[in-house]
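Presented sequentially are two complexes of chain A, the first with chain B as partner and the second with chain C.
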Partner chain A sequence: MNSNLFGYDHNNTWVHQLTGTSKLIFFILVSIIAMISYDYRFIILVLLLSIFAFKQSQIKWVQIKFVVKLIFIFAVLNLVMVFVFSPNHGAALYGTRHVLINLGYFTITKEQLFYELNLGLKYLVTVPISLIFLITTNPSEFSASLNKIGVSYRLSYSLSLSLRYIPDVQNDFKEISLAQQARGYEISKKGKLFSRLKGTTQILIPLILSSLDKIQTISQAMELRRFGKNKHRTWYMNRNFNKKDYSIILLSIFIVILGILFMKMDGGRFYNPFI
Partner chain B sequence: MPKTMIEFKNVTFRYNAQAEPTLKNINLQINEGEKVLVVGPSGSGKSTLGNLINGIIPENFRGDLSGEIYIDGKDAKDMSIFDTSLKVGTLLQNSNDQFVGLTVAEDIAFGMENDCFDNPTMRAKVNQWSNKLSINNLLKQAPNNLSGGQKQRTGLAGLLVDDSPILLLDEPLAALDPMAGHESIQLLQDLHNELKNTIVIIEHRLEESLTQDIDKIVLMDDGEIVGIYHPAELLKKNILNKYGIREPLYIEALKKMGVSLNTLNEIDSVEKVNGPEVADRIKKVSANVKPISNYNDSDDILSIKKLSFSYGKKEIFDNLNVDIQKGDMVSLVGKNGVGKTTLSKLIVGFLTPNAGEIKFNGESLLNKSIKERADDIGYIMQDPDKMISKVMIYDEVALGLKLRHYPKAQIKAKVNHALKICNLYPFRNWPISALSYGQKKRLTIASMLVLSPKLLILDEPTAGQDYYHYTEIMNFLRKLNHEQALTMIFITHDMHLMAEYSTRTLVIGDHNILRDNTPAKVLDDEQLLAKANLRRTSLSILAKRFNVKYNDFSNYLIGKERDNQYEQ
Partner chain C sequence: MHRKKLSVQSVVAIGIGTAILFLLKRYVSIPSGIPNTNIDTSYGFLGFISIMFGPIVGFFVGFFGHSLSDFTQFGAPWWTWVFTTGFIGFAIGLLKRYIVLADGKIGLKKLVVYNIYQIFINIIGWVLLAPTGDVLIYSEPSNKVYLQGIISAITNSISTGVIGTILLVMYASTKVEKGSLKKE
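For the complex of A and B:
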């Protein structure tokens, strides 16, 4: 098992075969343009495309169940909050006001619903794009990909290192917590809530100390192998671009251009069907 | 004249945080192709010496440095840590903590990545060295899944790709089981024969290190070099114990039998050592030995029946049965990862068995929480830092009692008593951070003892300790066992420890207990040892060479050792 946060699966579809860099570029360009545009026609187009790619990558529902549910809850919560704080935002945006249900401050207008529909779609579209990147990219390639698009290698390597150490820290946490229970903190269900809480906080001191120790050792080990010597470094897991990678990058550029065309047509970020 | 690879001229070094210099006036010369062993007790300055060789000092630790250091002819002052690392490849003590790659292949390539090698070159080199070290089938594995020996090989491969002329290894044997340790020594020997590079090994396990050809031994104590010797010369000097380093077991035995070390030939090899009196003496002492009775007919304190356990799909135990009697001193041995620690964790409740029963004094443990079990069973983890959660020594020991709502006066009496037993009473008002590793270990034992447990389980009680502290801890545990009839189980890789201090050995094999017998009987069974990744001690090699029964020979020595102790 490869230690990683997002559950990289060792599948071998064409999506997996793409280099991390091209997927990262796709992810960044497409989500930016989808975030800028408020034209549901364009967003639905991108959504369909990313759902297609998602299907192609053979990601299983169990792998993403938790994350998707979490995103869904936050998206709905966000949409509700937008309505609570500015129920009139849609009308102000589109310049017209078609009242559906009159509820005083909380009056529901067509414009508001349309605005929130666009907003919801935007949230929705980022789910498959980001999950594709996270699940089909070998964690070993993350740092190389980040470095390739211009993030400094020190920064991107620290990401890869934290991926490497997450299971270790989890293990330490578990062990220390058990040791504290043996000392007498009743963290099991037999204990009172307060003593359980207190016991949990006691874990932090040894955990932080042992993590700091680890950080010192690892930074020494890295220096002893010349990390930080040059301005650049190469990556063992780096792969060269092939035709598919170039096509994906072209595709993402095409999508960006398409998005811009839609905006030209709409005369701005918002597509306005009310005029 | 051979080329000088490492040269120290009047080097003195004091860490900024310390008042006294850690290294004093060091003069040392190591030539190309030499294999040098640096030994010394904890705190003797041997790690500091290593850090000066590889450039960690002054890069990461500041302090006053005087004198001159030359690495491969170059003045170390003019070299950055990066320059030095191309000359000196360093394998740090704990190979688990120095893994930087997500997979074995990436870890091996790490140095080359930093030197901006292109991918085809990196792949070729990774393949070349992983083949040589027989880890080529592990390239895609994550480091967490490797055994201790495999981790070490990966670390070594990552250094060898650099073609650096000097290899520096800091306690390479520390985390390995006896067989893996032996293989590691063999591997170093083969590499050295082939590459003829200069190798510096810092280690306090002298006996294992001497199973390879060593050109010279640098003996350090209190920041100074006591002397630089050829192995045989050092052993004959009979000064090791004085400097807190364990003599090879066979030397100890020969001395106990009254053989004069000066009369011995080939003293540095247990396979060849001989002298005019040796054969006679061994035969004589083994002839009329009082049998030592280890038979213990006390009641069972711990009884495990039909225990099964697995991590997910990986089966660890299947139908394991064992009874431990009151007053037993049990050593739990077996290869790395076979489940020694798992068994302890099942007993103290950190893990829950799939099936079976664990009874303590006739009562089932399985329905009890970890805290409830801890009232009777003290579990001391290998790493004391994982157990310590307070800042002050007194508070740490008192914690268990406070949480069990003992009255204040009683807590004070109990804590002071436990601190006295563990020789920590003078430090009771100190912060824990001021303690050495060995003292911390004793502190964790003290914080278990205050709860007056009936059974102590210790995971590698002596790991990382020099001989002085090793003897101190083990004699202390033995005293507890004798005087308080405290039953003990300890997990160990150290065959000496098992032979000397336990009355009974449980060898854990795949899924079950492979053997339950006296340590001497276990050490006498070569097939069993091979199966469990254990190694014969040099005593049993000696017994075999001179055709005496190992059991008799070792009983004589253990009897003698115990007499000595009671006299003291």
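For the complex of A and C:
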């Protein structure tokens, strides 16, 4: 656990040079359209594109190994659960039923496999983009970007405060937890459910009391510096758009239009190859 | 987004609250004994901070905290559930006027109201809002998501109830009770 929780890694590729704002717009637009579309051709296209950008950003495998493994486990688990709970969902969705292997309740149909393929791709499609965003965007620039796309500067500042204070709170938590364990409160795996709940609360109380003090101190300091008195706020980390940023935003709009065209072609969110 | 501007204190409360919620969500969950279901301690904290600072702070602490933890854990926030966490914070925050922490000791009646209300809100959130959003937006099979929703409603109510109640009582007891001074 360190201050580098969000994995920002300084480098100088073109992906790093893009402003946080344009990366954020790209991430939001593309993840929305990928969330809506159920057409695997479109999703694979987006996936390939984001993997290309990922390669270009020169992110090392060690940095993301753990997260990627976790995401894979989560995706597979979810796909298995979807199958266990509703092996007939695909057939109901696409309106046809091609039986591959007949196993009573767990009959495997082509439609189900196809539906789960789409679902699995949808779980994974945003992963490279968000990893790029996390690793190549400076956290201090992030709030400036949020402000730029229209989130009020007060809220953007809240988020930047929380990014700033996560390592601090984490430290406090660790210290308090060790102190309380030394006093004999049970929070380890050996304890019973209720004693662990109680033990956790015993850590939370000092953590919260000290955090409330922190809230007081910080807000007084900010008030003394006249935070929130003006309509706008400037950001130290703010950067102006250049050609690359405009082209990334254009590209994301193009991807959204492409997604809509695919949907028009399929006559809905679902691409149905079975009719 | 909102006509009344956020006060400086709310801005800071959202910031610090988000940091704590994120931390609890990432690192502090207690296995409930049933495989794959953990009691998420962050909801107890969310209940407390919402009552302390009100609905707007509650909403954003839930929304930001949950999206940050999803973002760093799964690569992409699961928006329907993130939004539901925000909703829970907002709804519980509405009790701020009723349970005034600065007044000192909270009576048994208020605690009972808090608990009944939070169970009701958790059911609306996890059994109604989140799974319905999953079916509409992600097109997942309904029996799977509704079962997940029911389990979350139970575990989150336990967390909001047990941890939230303890936090409220403990915090209020650090404040001087209203009207506790008597003229001699």
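Note that in this section the second predicted complex is superposed on the first by the 245 of 275 C-alpha atoms of A that agree within 3 Å, B and C clash if a C-alpha of one lies under 4 Å from a C-alpha of the other, contacts with A are read in each partner's own complex, and residues count from 1 in each chain.
Throughout what follows, contacts are C-beta pairs under 8 Å (C-beta built on N, C-alpha and C of every residue); 3 or more make two chains touch, one makes a residue touch a chain.
No experiment lies behind these values; they were computed from the predicted model shown.
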item	value
First, second, both or neither for A:Leu251, with chain B first and chain C second	neither
Touched partner set for A:Met35, first chain B, second chain C, both or neither	second
Which superposed partner A:Ile260 touches (first chain B, second chain C, both, neither)	neither
Which superposed partner A:Phe227 touches (first chain B, second chain C, both, neither)	both
First (chain B), second (chain C), both or neither touched by A:Ile166	second
Partner chain in contact with A:Arg154 - chain B first, chain C second, else both or neither	second
Chain B versus chain C as contact partner of A:Leu209, first or second or both or neither	both
Partner chain(s) touched by A:Ile218 [first = chain B, second = chain C, both, neither]	both
Which superposed partner A:Met81 touches (first chain B, second chain C, both, neither)	second
Overlap of chain C and chain B interfaces on chain A (superposed complexes)	160-161, 164, 168, 205, 209, 214, 218, 222-223, 227-228
Parts of chain B lying in touch with chain A, wherever the complex brings them together	54-56, 59-60, 81-82, 85-86, 90, 92, 94, 97-103, 105-106, 109-119, 122-123, 126, 142-145, 158, 345, 348, 350, 369-371, 373-374, 379, 381, 383, 385-389, 399-400, 402-404, 447
Chain A residues touching chain B - in the complex, by the definition given at the top	1-4, 139-140, 160-161, 163-164, 167-168, 172, 175-176, 178-186, 188, 190-191, 202-203, 205-206, 209-210, 213-214, 217-218, 220-230, 232-238
Interfacial residue positions of chain C with respect to chain A in the complex	1, 5-9, 11-20, 22-23, 28, 30, 32-33, 39, 41, 44-45, 48, 52, 60, 64-65, 68, 71-76, 79, 137-144, 147, 158, 162-163, 166-167, 170-171, 174
Touching residues (chain side chain A, partner chain C) in the complex	5-6, 31, 35-36, 38, 67, 70-71, 74, 81-82, 85-86, 89, 93, 119, 122, 126-127, 130-131, 134, 151-152, 154-155, 157-162, 164-166, 168-170, 173, 193, 196-198, 200-201, 204-205, 207-209, 211-212, 214-215, 218-219, 222-223, 227-228, 269
